[in-house]
Amino acid sequence: MTGLAVDLVFQLMQMTLVILIAPLLTGLVRAVKARLTRRRGPPLLQPYRDLARLVRKEAVVADSASWLFRTTPYVVLAATWVAAALIPTFATGLLFSWSADLIAIVALLGSARFFLALAGLDVGTSFGGLGASREAMFASLAEPAMIVIVFSLALIAGSTQLSTVAAAMTSGVGLRVTLGMALIALVIVAIAENGRIPVDNPATHLELTMVHEAMILEYSGRHLAVIELASMLKLTLYVSLIVCVFVPWGIAIADAGVGDRLAGAAFYVAKLGVAGVLLGVFETSIAKMRVFRVPDFLGAALMLGFLGALLLFVSRTLK
Amino acid sequence: MTGLSFDVSHLLAGGLVLVSFMLLYQTRLFALLNVFALQAVILALSVAWQAYVQDAIHLYVTAAIAFAFKAVIIPVALHRIISRLGIHRDVENVVGIGPTMLAGLALVALSIVVMLRVVSEADALAREDLAFALSVVLLGMLMMVVRRNAVSMVVGFMSLENGLILAAAGAKGMPLVVEISVAFSVLVAFTVIGVFLFRISERFETVDARALEQFQGDRL
Amino acid sequence: MSGLPLDGLAAILVLPAATAALLAFMPGYRVSAAINVASSLLTFLASLSFLFVKPASGDYFLVDDLNIVFVVLNTFVAFTASVFSASYIGHELETGRLTSIHLRFYHAMYQALTFAMNLALVANNIGLMWVAIEMATLTTVAMVGVYRTQAAIEAAWKYFVLGSVGIALALFGTILVYMAARPVLGEGVGGMVWTTLLGRVAEFDPALLNLAFVFLMLGYGTKVGLAPLHAWLPDAHAEGPTPISAVLSGLLLNVALYAVLRFKLLLDANARAIAPGPLMATLGLVSLIFAAFMLYRRRDIKRLFAFSSIEHMGIIVFAFGMGGPLANFAGLLHMTMHSLTKSAIFFTVGHIAQAKGTQQIADIRGLTVSHPALGWSLVLGVLAIAGAPPLGIFTSEFLVVSSTFARAPWLALLLVFGLLVAFGALILRLQGMAFGEPSPGDRQTTASTLPIAAHFGLVLLAGLYLPPPLVAWFQHVATMLK
Amino acid sequence: MNLLQALLACDAALLALSVVAVSVARRSGASAFVYGATLALSAALLAAAAAALIGRAGPARLTLPIGLPWVGANFRLDALSAFFAVVVNLGGAAASLYALGYGRHEREPARVLPFFPAFLAGMNVVLIADDAYVFLVAWEFMSLASWALVMAHHRDSGVARAGFVYLVMASFGTLALLLAFGLLAGAGGGYGFDAMRAAPPAAGVAALALALALVGAGSKAGLAPLHVWLPLAHPAAPSHVSALMSGVMTKVAVYAFIRIAFDLVGRPDWRWSAPILALGAATALIGVLHALMQTDLKRVLAYSTIENVGLIFVAVGLALAFKASGLPGAAALAMTAALFHALNHALFKSLLFFGAGAVLTATGERRMGRLGGLLNRMPATGFFVLTGCAAIAALPPLNGFVSEWLMLQAILLGPQFPQWTLKLLTPAVGAAVALTAALAAACFVRAFGIPFLGRPRSDEAAKAREVDRFSLAAMGALAALCLLAGVFPGVVIDTLKPVAVAVTGAAMPLQAEIPWLSIAPIAESRSSYNGLLVFLFIVASGAMAASVIHRFASDALRRAPAWDCGFPDSSPATQYTAESFSQPIRRVFGGYVFRGRERLDMPAPGETRPAVHQLVLRDPVWDGFYTPLGEIVGAIATRLNRLQFLTIRQYLSVVFAALVALLLILAAWP
């Protein structure tokens, strides 16, 4: 019972950690990009301030909006957060980790996107529809790519259970070409899913280039805050997913001592920092592509993932 | 059966086939009718001969019917129809005479070939007779097919029937020959009456069989 | 002539003959119609007596399990058709398509036809059978032409010429059979008695038998309406009075089919002769597929169903051609069901033609709206004839197809192909006639719907439940047919 | 009286009801009576079937002295039949309940009432038939009844064509099944299923029979390329019938295939599964892509039915392959996935068709281009439809996700195949399934967003009213079931256990033993999912976030005109439409799948005519196969038709030719 209690505590810790650290990660990326473009840029903690400000404002809702428009932000946040909670950030074998596996995580993010797209259509403006339809197109390619990546990971680790996967990775499966493919594919998917350059530009409000921003154009006040928080959380989620699968070193294996877990947490934060810097560098070093180039971009991810899965299907069988 | 009787019946049967050929190359309706009358006479003779050979009385009846009906009544009737209706007097062929004759020859050959396969017949007579009868039948049908006028079609039908009677008569002791010949005379009568009907009811100015198909049911 | 003391056999022959003679001198069509019905009913009852006491067969007449099926079916449909015609034909008088003198002729001919068909069915002497079938042909010719319109006379003429040629061919075949029999059976009547022939046929000359069968198949096949000998059938159906169309499809075709079957049995019994099965199966299949395609371009509703008769005759002949207990059973069942269904359909069509005042399919629309009863019975009938369960024809088609596929897959595939093509055509026309905006013309009809109901009732029953005695009977006949 | 007898009695009652309905159909209150009766009877059937499924009684047999004389009418109730009977009558009961309200708006009840019970009876009898004859009679009867229901609105444009195509395809399928049974029965005519089980055919014959069964059942289920009738016929029928046809009748077809493939043809061969897998995947993709392009709400749903049928066949094919490769456990998993998805699809597809029917009643519109903003006008309907859309888009924690998750788990067992073909085929199929799922999500964002969200695009939509209580009750019940099946999947899986055992000879591990109601297909370390926890997490965290914000920060709210980046346009015409929403996806896939062409007719300056932007989508299946087929038949018919108009002389020559030909044959005979 105490074990259970401890697990519960750590699970809650992990959930709070990700949601607390998410804005910081975004802030870090922004800061890095500002530095690289010779701007001073906003301070690291600016995202927290933005959120706080937005939350305090009154929310303005379009006349034509329905109840769906107002509930969507919370649904999106909840789905993303639950997905994030399932990812072993600093310790595997978390309490809830077996309540859903990688496929479920993908599906949870999918439901978040589903409702966001609906919200985009709800007000009945051209931009909302534009964002929703483009998002749907991206997703229709990104999701299958994600699934085939899951295939490869599952076949390597012999499980779709993320904790098991991470554990298997730490136990050292060695370097494999399929892993490389999966990594590249996963990065591409992550970029697309989070609406980063070159797929989308989180900073723009230039009509023709908006995708994610266009969907949430009508949001304001606390609703906007919740959605922003959710997207920050999503970024963190993907980063920690990549981290825990491909650089799992230092992660605390299940039933590890408290010390290990704290160490794991430290490791984790460090990894996030590195990843954030890398992302910033990447984004500044590349230009945004046309909307109808994106399918090719994602198609590449799909192909890579599929290739990897195919190799594994013919090369090995599950225990 | 003696050789003589064999030869006679053979001769008559052969004559029947010959006349069928003559029917095929007639170009005038009247001539056609005369030739047909001739065929009917020969048929009557051969049936009578069969009656004598098999001394089967009922065959005499058949012969009589054949003579009276086909050699006299029908030709006369058709003569009158033609003159009454003022049908133009020459036979319209679909196929030229030459090809028709060739086809006829082929048919005769075919019927002989088919009959030659018959092995068990004790006396060759019936077999030969059958071969001739079959060729008469086929020639009659050929005539119905290659001629346009209703009259020549009727004639063709009747010569076909002559072949049947020949076969029936040739079949020793076949019952119902008389009945059958009567039944057939009825058929023929219907045909002729049919031709009359169309004239009387003033529906067709000509008995050209084409006129009978002016109305085409559900043509598109 | 075995016992002409009044047994059922005598009854089914004498009754119609006598009535025909009577009706020929009977003025006033109502009375004659009534007599017509009564006599048909009595004939039917008399034929039922066969089921209990089978008359002894002689040189001229034969009553065995095979033709009892045909006789009973024939007399029954003749009866229902007479009921329908009694209620229908008056309308023709009103509309002036017929005069009372024609009606007298019509009724007399009706009975004469019944007589001829019964005679053909019970004849044991192949010559007698031939005479009877010729007579049936002539009577129907007369009835097809009874309207004396140009179209009717053309149809009658076409029917007459083609029919006579068929008759002639059949006669030649009959003579050949005798010739084949003579060396074995000696001269005299014996050579034409079917039962005697069947006894010794094994010793006959095969070549003559083959030749004979070719002529008989073509001769009687013309009557059955097998493609390519079918040309007379659609016109005769379309231009004659509707009750006659029903009789033609429901009865006359069966009679001719019966003749073919008898001679098939003869050939089957001679090992050295060519097997008749393949020839029949081929002709049947050709008729089926040909008729199926012809259905698509029909404009006249009665012609449509005439072609569907050709199609079904094709199926039946195919089944008998395939042989084997299952296929023969299916063939018998299919023949029965087709007679009932098709005649019922023609009754319905008669009503429709009266109601809409036309036979053109294009002018018949939305029947289920304007005349619900008629429309839905048309739907039922077409579905039945198209082989939809739970109606009888589905059962027989089920048996034919499934039994064939196990033996000759390719034939079965062709069969199924034909069925499907025909199905498509029938449904296409049906939807046009039964659904959509109704076309003008909503006269109420005089004729009675009783026969339709009776027939469909039987067909539906057969689809759900076949009484064991009937099944046993059919199975026995099926084994008899090889 | 055992359960089988009970089922038969209810079916008989349904038939009797349809006969009664003929006579009373025109009276007022007839529809209430008929649908009430069907509701009661379906409920009874449902109870009996469920009892049979849960009671796990051995197969019950019954023979009636009707049908084929020497075979009789055989009936058999085993786990498989029971499960599908549950599915069918669940849908039937829901449809009846819905129709209690919806049926009132029927223009010509006399064309619907008699056939509705007959349709239900037909489907039920197919499931318990135990010989080929009864099976086919019931099968075709089901088709005919549904055809009559499709023709109910025979005056509307396009209905006649739909009915024609439907009936011809149905009869094609029946004939294919007939041939299959003919093969299995053999020349002896052993039409009883027991006889077929007793004498399994040789491998080649079995393969042929299976192919025929695939064609026959597939044409009814909507398997590409035999699916063309489905999007025509399903929308044409009244909505509660569409729900039955889409949600339930396709399942009957699936049943037929499983029955033949796993029960009657004997030992399976892995080669058979490859085409099934390929066809299933192709069907799923084609279906969902077409669904994305449709602008008629009910056609969207019909095409998505094709997609789901494809998914089910993928799972069935996997089960067949695993069984043939001697992996019963995996086979059980795949089969469970298939059955689970069949159940789910029955639930949410019926729900969605009910929703479409409600929209139709409220606005008289099916075209999405004329709808919009309905969520404000019909909140309850909107909510239920939203649930259905989320479920069919496979979003956790709803039921659609669970079955697709099981499917993916089964695919992940692909490496165990000994055959290279399957090793290579499985991941491809998996990718196709994933792609389908993603596209389905997009499709239902569109299918819900365009009609229910945004601003009304027509007055009808603006004036829509919420529908009656019965309809709402039916939709609500189905929505609740979607949620329950998603939250407690373990229960469903355990209920399916006897079916899986009967069909594949093995079963998934008992889920009830796994703590906290989570499910694990093979082992918990491999993969597990807990719908309940996910559901609770989402609710809890969402509620927490909301309450915290409302408590400690502002909860002030102001209504204002839409901002729309500073250029708000009052006209609803400026909204994204169904077409424009799917335009990006069309540009990605459309080229291959639809040969889509966009024609822009831009008037020169000064011209007064409006600019026209036209979109032309074609269906390659129609263009490539069905249209030519129809043309060929027509051409042959026209050719042959000339033979009808020859002269007597020409007819005589035909007869003459036939005679001479036969004589020649005789002459040439050896």
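Each chain carries a letter (A, B, C and D) given by its place in the written order, and its residues are counted from 1.
Note that a contact is a pair of C-beta atoms (placed from the backbone, for glycine too) under 8 Å apart; a residue touches a chain by one contact, two chains touch by 3 or more.
As the structure is a prediction and not an experimental result, all values here were calculated from the model.
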Pair sharing more residue contacts (C-beta pairs) when B-C is set against A-D: A-D
For chain B paired with chain C, centre-to-centre distance based on mean C-alpha positions, whole Å: 31
Separation of chain A from chain B, taking each centre as the mean of its C-alpha atoms, in whole Å: 100
Chain centre separation (chain A, chain D; CA means) in Å: 35
Cα-centroid distance, chain A relative to chain C, in whole angstrom: 79
Set of chain C residues in contact with two or more other chains: 157-158, 161, 165, 207, 211, 234, 297
Chain A, residues touching no fewer than two other chains: none
Where chain D touches two or more other chains at once, by residue number: 641, 644, 648, 652, 659, 663, 666, 669
Chain pairs in mutual contact under the definition given at the outset: A-D, B-C, B-D, C-D
Chain D-facing residues of chain B, complex: 94, 107, 110-111, 113-114, 117, 138, 141-142, 144-145, 147-148, 153, 209-210, 212-213, 216-220
Residue ranges of chain A in contact with chain D within the complex: 55-64, 66-68, 70, 74-75, 77-79, 81-82, 85, 96, 98-101, 103-104, 107-108, 110-111, 113-114, 117-118, 121-130, 132-134, 136-137, 139-144, 147-148, 151, 154-155, 158-161, 164, 205, 207, 217-218, 221-222, 225-226, 291-292, 295, 302, 306, 309-310, 312-314, 316-318
Residue numbers on chain D that touch chain A, as the complex places them: 372-373, 375-376, 379, 382, 386, 390, 393-396, 401, 405, 408-409, 411-416, 420, 423-424, 426-428, 430-431, 434-435, 437-439, 441-442, 445-446, 448-450, 453-455, 516, 518, 524-530, 533-534, 537-539, 541-543, 545-546, 549, 553-565, 568-569, 572, 574-576, 580-585, 587-588
List of chain B residues in touch with chain C within their complex: 114-115, 117-122, 126, 130, 133-134, 137, 141, 144, 153, 157, 160-161, 163-164, 167-168, 171-176, 179-180, 183-184, 186-187, 190-191, 194, 197-198, 201, 203, 212-215, 217-218, 220
Residue ranges of chain D in contact with chain B within the complex: 641, 644-645, 647-649, 652-653, 656, 659-660, 663-664, 666-667, 669
